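Structures follow.
Look for chain A in each of the two complexes below; its partner is chain B in the first and chain C in the second.
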Partner chain A sequence: MKLSIRKINAIFQLKIQSIFTNMSVMVAPILAIGFVLIMKLSMPKMVATGAFLLGFGVLFNAIMGGIMMGSYPLAEEKEKNTLRVLMTSSVNGAEFIIGSILPSILIIFIINIILVPVAGIPINKIEWPIYLIYTTLSGLISILIGYIVGIYSKNQMQAGNLSMPILLIFTMTPMFQMINKTVAHIASFTYSGTIIDFINDMLLKGYSLNFKNIAILSVWTIAGIVFFIYAYTKHGLDSE
Partner chain B sequence: MTQPDIITVEHISKYFKNQDALKDLSFSIKSGEIFGLLGPSGAGKTTTIKILTGQLKQTNGSASVLGVPIEEINESIYEQIGIVSHNSGLYDKLSVYKNLEIFTRILNVPKARINKILKQVGLLSDRKKIAGKLSQGMRQRLILARAVLHQPKVLFLDEPTSGLDPSTQIEIHRLIMELRDNGTAVFLTTHNMEEADKLCDHLALLNDGKIVETGTPRDIRLRHNKKKQYKVLLKNNQELTLTQSEETTQKINWWMTSNELVTIHSCEPTLETVFIEVTGRKLI
Partner chain C sequence: MAMISMTNVTKQIAGKNILKNVSLSLDANSQIGIKMAPAESKILFQLISKRMQPSSGTITTNTNNILYELSNDGLYDNLTVKKYLTLFNKIGTTNKNISDYLQEFSIADIWNVKIKKLSIDQKKRVSLLRMFILSPELLLIESPLANLSDGGIELYLRAMKFVKDSGITILTTSHYIEELLLLGTDVYRYNAKVGLEKTDISEESDFEDDNSNTDKFQPQNVFKVACKLADKTIFFSPDEIDFIESINSVSNIRIGEDYYPSALTLNELEEKLAHFGFYRCHRSYLVNLQRISELISYSRNSYTLVLKGPAKEKLPLSRVKVEELRQLIEA
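Right after this comes the complex of A and B.
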């Protein structure tokens, strides 16, 4: 499959325009900043620690936002019959996916940076390269999950119904971790659990390289790519 | 000089689970020609377009578009073809201009072409309008503009005027004929026999997935003009339908000489009549 930079750029610009004209995709990133700000101002400092606020914000932005940014726009393109138009206008699946993922990743990346000062964390407390790699990778995994949902959805309503349970499971990981040790142990193997563990370690204990975190994120990334390719090759982006 | 075939279809069949959608279709289309596939809803018109544009695989037979066998069609051929289907979508939240601008980038077309094509489809003054707020006729004209933005060699039109008002239909017909005159091969599906009669250089009547009649619209009508009849209106308001005969010739001659004849029309069948005669069903 050939890749055309011109066509990827065209899809990228289309998606940027779509984001600015359809703010529903931006709900999760905007809510991430809004909630962190509200919680910081309204909750006792003992509870709303920097780690808690940043973890909450990143989950909202990278996990919830990523899944929504993957599933809804793809389902909307199918629902409005514009995906078929793109595909019969010489854009191939890979060009569409790359051009569509880039704006979402960019938004997740920028919001993850903004969340640090919003959560009231000094900039020098963040292990920036690792923080950005981990959170962006989580965003990518979420977007891929979103795309898999989008592939199996015919319209936005179906995408919403399919993505909601997935989205809740991963976004509410920290709450599940509070239930008991067994659930906490299982949750630590999810990519969202890994992000929370990483943020807590970084801000509460001081970061040291954690191979378990790297292995879990790597496995989730590979699994995300493999399942996405499977869904794509089996059903295509817009199969009948 | 004879134009080369742009589309060739040989014995194409398509079976769905429990239905024969297309049965042994064969035809060819040259550049600068409008070929019409005329048939009622469910006859297999859209299935044919989907097969020819690589969106659906045929069960049997072979076909090629621009010399490329349809099994080998990939995205590169879409740079040379345009498609208007009855469910072609638009980016409703973007303006008319932006809707075309996206495709100038994808298809590597100069932006200057946008205003030119918008002028042709009568949407230049509406270029800043949001696509979602356009009327159905304006939407269809925008979809057509997008399909011909890159001056395709082949244009597939699936019921392009279905549900549109007569003035928009006329505008779209004018555009299609302009494209034909500029050398584009147009594959048109319709269930509107007047549209087929007016636009098509060649057409095939499709019923239950099978071509039941083919030729130029005139040839088809004349082939089925078995009872040659003439409808005349005389000065005394008398309206008569006369069958071709020696006597009829003499009568018409007399009325013309004596200036009694107001109107005279031949009564060859319409395409719809032919369709009903051949298939026993209406074009709905």
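Right after this comes the complex of A and C.
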């Protein structure tokens, strides 16, 4: 499959424009910043620590936002028959996917940076390279999950129904971790659990790279890519 | 050399024939229309553009530069016309200067308007320009004039002429033959039993000459239409016939679901059947007035006669004939 930078660039610009005009996609990043601000101002300092606020914001932005940015626009393109027009205009699936993943990653990346000062954390307390790699990677995993949902749904309504349970499970990981030790242990093997553990360790104990976190994120990334490729080759983007 | 040639193409999906025995040869820079159902049209487009393989038969295309548009294709509502077309200009390889074509496609006044604010007439022209800037050699369009207003049809046809004059071969399909007649093309009909047939459209002037012959009319009280089938000749009473259609210069008598070819031409039949209540509603059709149940007007320029019976057969009615027909029926 040949990739044309010119076409990827055209899709990239189209997606950037449509993300800013489609509120259903921007709602998660905006909510992430909004909630963190509201919680910081309204909750007692004992509960709303920097680690809690940042963890919450990153979950909303990278996990919930990622899944929504993957599933909704793809389902919308299918629902409105615009994807077919692109596909018949010599744009291939890979060009479309690359061109549409890049703007979403970019937004998740930028919002993850903005969340740090919003949560009131001093900039020098963040291990920037690891923080950005981990959070961006979890954004990518979420976007891939979102695309898989998008491939299996025919319209935005269906995409919403399918993505809601997945979205809740991953976004509410920290709450599950409070239930008991067994659930907390299981949750630590999800990519969202890893991100929360990393943020807590980094801000409360000082973080050093550990094998478990890297292994979990790598396995999730590879699994995300494999499942995505499976769904894509089996159903294509626009299965009718 | 032919742009596409299809020989006995059959496509089955889930054990059901969608297209059967389609043979077609389309020359470069020509324009034809095919009457077929939307589902058939979608499959035909996918076969021609090689997105789907036929179940049997061969398709050879002389170009890989094929674009197709289905009637429910969408545009990006939130973009302006300018941004939308610029996007596709970037995707295309030829990089045209779009502003040179705004006049031909009559969209200069909506250049900076968001697509969601456009009327369907305007959207169709934007869509046509989008395909034009991708410089296809062959363009397949489903029902381009459906739901368009009279003014919209006129502007669309002008844009389409420009596209054709630029050397692009165009194939349109529609469920209604009158839409294809408005496009002014050679018209084929797809019939699930026999495949593609060319519909004869004689020149309007010939037709007027025939009308003058009615003065010489001789009353005939008994007349039966003879149809030769294999070694038998079948005689039909005029009141049995639903309508007569001219296909490939042969007059076909339609009775119920079946067609019977007659040796007489449509003009001869018209002359003989005029006094049995038959009326030439269109160049290719002679209808039994007793069988008409409805007259539908889809737009000011196109009328359709619906016949009685379970098939609810639809025939085109020329605009100029509407008044004449009304007088005949109401007199």
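One rule holds for everything that comes next: the second predicted complex is superposed on the first by the 240 of 240 C-alpha atoms of A that agree within 3 Å, B and C clash if a C-alpha of one lies under 4 Å from a C-alpha of the other, contacts with A are read in each partner's own complex, and residues count from 1 in each chain.
Assume a contact is a pair of C-beta atoms (placed from the backbone, for glycine too) under 8 Å apart; a residue touches a chain by one contact, two chains touch by 3 or more.
As the structure is a computational prediction, the values presented were derived from the model and not from experiment.
Steric overlap between chain B and chain C is present once the structures are superposed on chain A.
Of the two partner chains placed by the overlay, neither chain B nor chain C lies in contact with A:233. Greater residue coverage of chain A by touch, when chain B is weighed against chain C, goes to B. Applying the stated contact rule after C-alpha superposition, one finds that A:18 touches each of chain B and chain C. In the superposition on chain A, A:92 makes contact with chain B only, while chain C stays out of contact range. Judged by the touch definition given at the top, the superposed model places A:82 against both chain B and chain C.
In the superposition on chain A, contact of A:124 is made with neither chain B nor chain C. In the superposition on chain A, A:42 makes contact with neither chain B nor chain C. In the superposed model, A:7 lies in contact with both chain B and chain C. In the superposition on chain A, A:208 makes contact with neither chain B nor chain C.
Shared interface residues of chain A (contacting chain B in one complex, chain C in the other): 6-7, 9-10, 13-14, 17-18, 21-22, 80-82, 84-86, 88-91. Remark: chain C residues 49, 67-70, 72-79, 83, 87-88, 90-92, 130, 134 touch chain A in the complex. Note for the complex: chain A touches chain C at residues 6-7, 9-10, 13-14, 17-18, 21-22, 80-82, 84-86, 88-91.
Residues of chain A that touch chain B in their complex: 2, 6-7, 9-11, 13-14, 17-18, 21-22, 80-82, 84-92, 240. On the chain B side of its complex with chain A, the touching residues are 53, 55-56, 74-76, 78-79, 83, 87-94, 98, 102-103, 105-108, 146.
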